Amino acid sequence: MSALLEVRHLTKKFGGLTANRDISFSVKEHEILSVIGPNGAGKSTLFKMISSFLPTTSGEVLYRGERISNLKPHIVARKGVVRTFQETTIFKSMTVRESIIVAQHLRSRASLAGYFWRSKTAQEDIESFGRYADDLLEFLGMSALAGELASNLPQGSLRALGIAIGLATDPKVLLLDEPFAGMNHDETMRMVALVRKVRDDRGVTVLLVEHDMAAVMSISDRIVVLNFGEMIAEGTPQEIQSDDKVIEAYLGSADDEIGM
Amino acid sequence: ENPVLKIGFVGVTSGPAAAWGISNQRSMEARAAWLNELGGYEIGGTTYDIEIVSFDDQKDPKRAIAGMEKMAQENIHYVVGPNVDDGAAAVRPVAEEKGIIYFPYAFPKELYTPPASNAVLGMVANYQSGPAIYEYLRDEKGVKTVAFVAANESDPLSQRDGGVEAAKELGLEVVSSNVTYQVDTTDFTPVITPVIRTQPDLLVLSGVSPAHAPQLIRSARELGFEGIISTETAQDATVLQEGAGDLANGFISVGGASTPEIASDAMKEFVQRYTDMFGEYNDESNTKVYALEYILETLKANPAAIDDVEEFKKTMDTFEAPNPFMEGDAKLRYVGTTSFGQKRQVAVPLVVNVFQDGEFETLFVAEVD
Amino acid sequence: MEQIIANGIYLGAQYAMIALGLTLIFALMNVLNFAHGQMYVLGGFVTYTIYGQLGLPYVVALLASCVTLAVLGALIEKFLFGPVIRRSSREESTMLLAAGLAFLLDAVILLLFGEKQRGVPKIVDGVLNWDFRIIMPYDRILICLLAILSIVAFISFMQFTKTGRALRALAQDRVAAQLMGVNVERYSMIGFALGAMLAGLVGGLLVTITGINLGMGGPTSIKAFMMVMIGGAGVISGAIAGGIILGFMEAIGLAVLSQYGDITYLLIFVSLMIFLAIRPQGLMGKPWG
Amino acid sequence: MTQSLKMLINAVIFLVVLFVAVPVLIAASGRTDFYFTLTSVALLSIASAGVWLMFYIGRINIGQGAFALIGAYVSAILVTKAGMSFWLTLPLAGLFAALVGVLIGVPILRLKGVYFAMISLVLTQVVSLTALALPITNGAKGITSIPLPDELSVLGVTLIPDFATLENSRLAFYYTACILMVLTFAAMYRLVNSRLGHICRSMQQNEELAASIGINIAYVRVIVFAISSFFGGIGGAMFGSIAQSVYPSTFVVTDSVNFMLNCFLGGLGYVFGPMLGTLVLYFGWDLMFELGRFQLLVYSSVLIMLMLVLPNGLLSLKLPRFAGAGK
Amino acid sequence: MSKMLEFHDVELYYDHVYALRGVSIDLDQGETVALIGANGAGKTSILRAITGLARPRTGSIRFEGEEIAGANPADVVARGIAMVPEGRRVFPYMSVKDNLLMGAFTRSDKKDIQQTLDRVLERFPRLKERYSQTAGTLSGGEQQMMVIGRALMAKPRLLLLDEPSLGIAPKLVQDIARSIVSINREEGVSVLLVEQNSRMALSISNRAYALTTGNVVIEGNSKELMTDPRIKAAYLGGEV
């Protein structure tokens, strides 16, 4: 089976600093691929290039064989490659449900003018957005929060909302940047199950960046490891966990005194 | 108690441009207070107390219209102002519709030439004073070349264009006329350097505001300019003295009638009363006291005009009265036939002053027709 | 050429000082202070009254104008901006307040000091004339030096003193600054007072050269906005760079484009817009630093 | 259902007040000077509506004066130099302003926050200076003696009579301005409460996130700016026609700032905010006319007090009738 | 002897959203106490209430016997409480040096400050290498060290840490955990630690409280809690 998404020789320089150097890997359809690496290794930068939020310095990203790097973010989103943000990036003064409705922009069939004139298609769209939002919240187990203002949510729910907004666009590939940050173990595992379910039920391919090793190891089909902007390893969770370079650069060794 | 005769003023008396209108408003108020103190002003057998109704238009043409509407509402038919071209042009429709005669301090000729008939130019226009000054300087001081600077704003720019035209007509060589400055300039040296380079005999500060004149003079002198500097607008001696000191000596500007040589006792008293009332005198005010005087005298000449501006217009053609503010037998009358084809200008004496050690001295006096 | 550089430095130094006060207040409170120009005018009038009218020494007048503005700034922060920022749901709301304040100061200045242009006696006489390559009156040179000195003093203050550090910290992260023990209310007030004081200082310096009048406030604010934009909002170095660049642009523009007078400023504005379109965050676009 | 019924009733009340009650009251009290003031309020609130819309996508627009000036000039030039009917030039003025908005907007709309605010402030000056420098605008001399709006007839049926022949052209201007205002705000209300408004709101809160969900933010920004400029152009053109003259100083930076203040004062969270804000700010000044030299002092103090008491705008008093899209 | 910190029956609301409904916790001199709990349980709110960033509606907060509920944060810091806030919050455009000096804002003895500074730099040698670099350009881990160092600059007797491991690579998390232990042991600073990484939190603390939605549900000795089935199920999960 050929790759759904292909990263080819991606390099990104910020002035003198090389945030990504010659990164190449590919992602198969329905795969969950994690990118890990120390802080500042260039993970978020990589995601931003894939979603065209940043222009590449060199190299390219192909989606179904078509180049998607160096376009506008909304065009890449339109093609089905959607990212979430590392920081909790949400629509602060919208409710959870409103956020999800607006996020279904790509599913709309009426034109902007159509919404203004309230064309028939537009009316139908609006109804379907509402229904879909309720379904999605139900699916994510967030129905209780539907009417809550996003700025009042605690950290963890904010992350979940971020993912929900991403999902509402009906993506083919979802890039999640630290989706489990600020969640405790229990919550993390629930989210892990959810992401898996998203993949299984909706056929979404998932790329994620995460520092929570428990989550990464349990969710990933494959893992790519970056260090100082370079790719130092790629493989299954088992392979990565026992890779000396990765342990040295990132995982560290167990420490009895602090029980880890 | 006397019945009240209301005379309007629409102009800018607050905010950054307040200086434009305040001297206007104050000279009207000072004169009105004086008349009322004398027991009122008699028109057609009735003695009126004069009330000045002022509207602050904030130098905004939109507000100027509102001000004129307000005047109409108050049943006022005679209004002094507005102070600037755009305001004067904007109020024209209202004034004509509501039957108001207004005395703007703005120079666009269309305001005064037919079919317009309700505006009366309240002072000497620059295209009238300019030629007189240039001619004098050409003949008396041997000026051959002239340069112009102006602020990059409507009024000064049109005044500059008028000045350039007049200078050329008189056979003077215009060596520089393109240099302009922003109203917010804080350092005029770079502005004026290229002008000085052209070494004109005469440097004209077109439509210069009292605030900028001393700074421009100072910069020009500091750059070594030795020719004559002049302007067609009124200036304030105190401001010149404070801002440029001795460097302003020899600066030529247009003034009203408070210069000692021609001021009558009435003018001296007016200056005194103004100073008492507002703490300090403004040299621009002596031109601006005339509009009110003209309105009242014309009404006196034809009492029917009190509620009928058509009567007023009829009277204007033949009106003549002694000028209380000037020595000798000067007359108040309407002029402007040459410039506008009808008498729509007050005959203020064109007094050309020269600044010397903190005071203005009269250079020459001329008349406009 | 030399003249252009000299003019550029002179203009740049005074502009930079105006921009510094504005950018400081912006960085600390996120307030676009429309009344900055009016504060500058007020400073000029205070100096005029004390030096020009009462005849006290210039230094006393300058100090008095700094103190007056600092106190005024502190009061404005405490009773106006502080409460509004705390209670309004959108921070832009302070713009209405700032504009109202500009109107108010205009009105107060008019009532207190009148509508006339005022000037003070020259503080030093004479003109430096270097072979007609640089012509500059001594008072301008003096004011320019004083301006540069004040800028250096201000930067050192911000960079090396505890208060300066606290102000910078406050501008970057209010909550974190609070957790360091910075009393946010007090230091916001200090910062605002400092910004206002800078305006007063420039007013006091420039009144000796340009004189002062009511109308100078608004345009000065707009110019200050431009400098802040060029350099990047809320950055010390940006304000200075912006001031100097605008100063030089004017000096060069006026020298080179004098024959096309009417469009010199148009060109300056348009090039500014093009510059910002290319570099939206200004030269050093980043928060306070 | 009751909700929309209530809204309908409110709208009808509003229209009756605007088109019947006000003229009747003015006729009864004889205060005909209010016509012009109210006409101004209507026109300025149209321009302010544009600024409000820019707030809605998170941009502080202090450049509306530029577009009002452009509109005024376009209409004046077309009427005086090309002899066109004013009624034709009115939409053209709006469209031209919108076009300029698009051209300028493409580069500068990338700016945010104070940067956009400040550059838009400079924009007003740029347009004034351009008008001063161009020959077609008559430079400093301005365009004067613009004829009043002429007759508009379709197939021989007079829709709008020639204003010059009217006995009370003030009333005619009042009605025209009010109709334009009602149309503007109806359109705004519709826009804000449609999905487009929802999208604008998402951009106001976070443009990056909006882009990530597939919204073409650059496009929406430019469209909104064009609409805003269109409103500015219409308001300006009408003014030119009332004053029958246009100068480079007809709309200046102060006007741009006032347009913005109108929005703040009314309340940024309410569609009808700019209307109320303009009424209070503009009418307020006229009402304080008696105060003489203390007018500005009192006016600005009241403004500051309002801000202290109601920092979120007048409509935050929660007048349910005007609450619009408020939250 | 009274406890160092007594947080007694505190209720806290944001507008009308309750965050704490009558929470009581305490901490002894020299102790490390961990707060664990789900998202939105109110852990951050507890720290905010202590430092005065949030004002509790009812209840009392005593530090070394004195009431500090509702006090100004500046005063709280001056009393000897320092906090490392959620999300690090460095001063991004200040140098590492200035950031650290900001930590000593409430102190005035220059020599004393210099001593503390030397000790902090000794503890985190990485900061010495980056001494004049702008803090915003530091990596996440370095920033975390810097804000801990910054808090130590205040010479606090009580250190509040809000999720120091958030977004930090596993290897660095271990480094930070070690630092916390040694700060507590060597400098005698009491620590109140909020952590999502419950395993780490329990392993380096003496006692712990588990919270759910504004209430303390479990409290006890960390070692014991580590094996408590309720804790194990909710917060620790199976072995990785």
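Letters A, B, C, D and E mark the chains as written, and numbering starts fresh at 1 in each.
Here is the rule we go by: a residue touches a chain if its C-beta (ideal position, glycine included) is under 8 Å from a C-beta of that chain, and two chains touch if they have at least 3 such contacts.
Note that this is a predicted model, so its numbers are computed, not measured.
The minimum number of touch steps linking chain B to chain E comes to 2.
In this assembly, the chain whose C-alpha centre lies farthest from chain D is E. Separating the CA-averaged centres of chain A and chain E is a span of 30 Å. Inter-chain centre distance (chain B to chain D, centres taken as mean C-alpha positions): 35 Å. Chain E has its Cα centroid 53 Å from the Cα centroid of chain D. Work out the mean CA point of chain A and of chain D, and you get 43 Å between them. Residue positions 103, 106-107, 110, 218, 222, 262, 265 of chain C are each in touch with at least two other chains. Residue positions of chain A touching 2 or more other chains: none.
All chain pairs that count as touching, in label order, are A-D, A-E, B-C, B-D, C-D, C-E. Across the complex, chain A is touched by residues 190-191, 194-196, 198-199, 201-202, 205-206, 208-209, 211-218, 220, 223, 327 of chain D. Residues of chain E touching chain A in their complex: 14, 17, 36-41, 86, 139-142, 163, 166-174, 177-178, 181, 196, 198-200, 202-204, 233-237, 240.
Within the complex, the chain A residues that touch chain D are 51, 53, 72-74, 77-78, 82-85, 89-94, 98-99, 101-103, 105-106, 108, 112, 115-116, 118, 122, 125-126, 165-166, 168-169. Interface residues of chain B facing chain C in the complex, by the touch rule stated above, are 14-19, 22, 152, 157, 178-184, 186-187, 189-191, 193-195, 209-211, 214-215, 222-224, 236, 238-239, 242-245, 279-280, 282. Here chain D touches chain C in the complex through residues 55, 60, 104, 107-108, 110-115, 117-119, 121-123, 125-126, 129-130, 132-133, 253-254, 257, 260-261, 264-265, 268-269, 293-294, 296-297, 299-301, 303-304, 307-308, 311-313, going by the rule given at the top.
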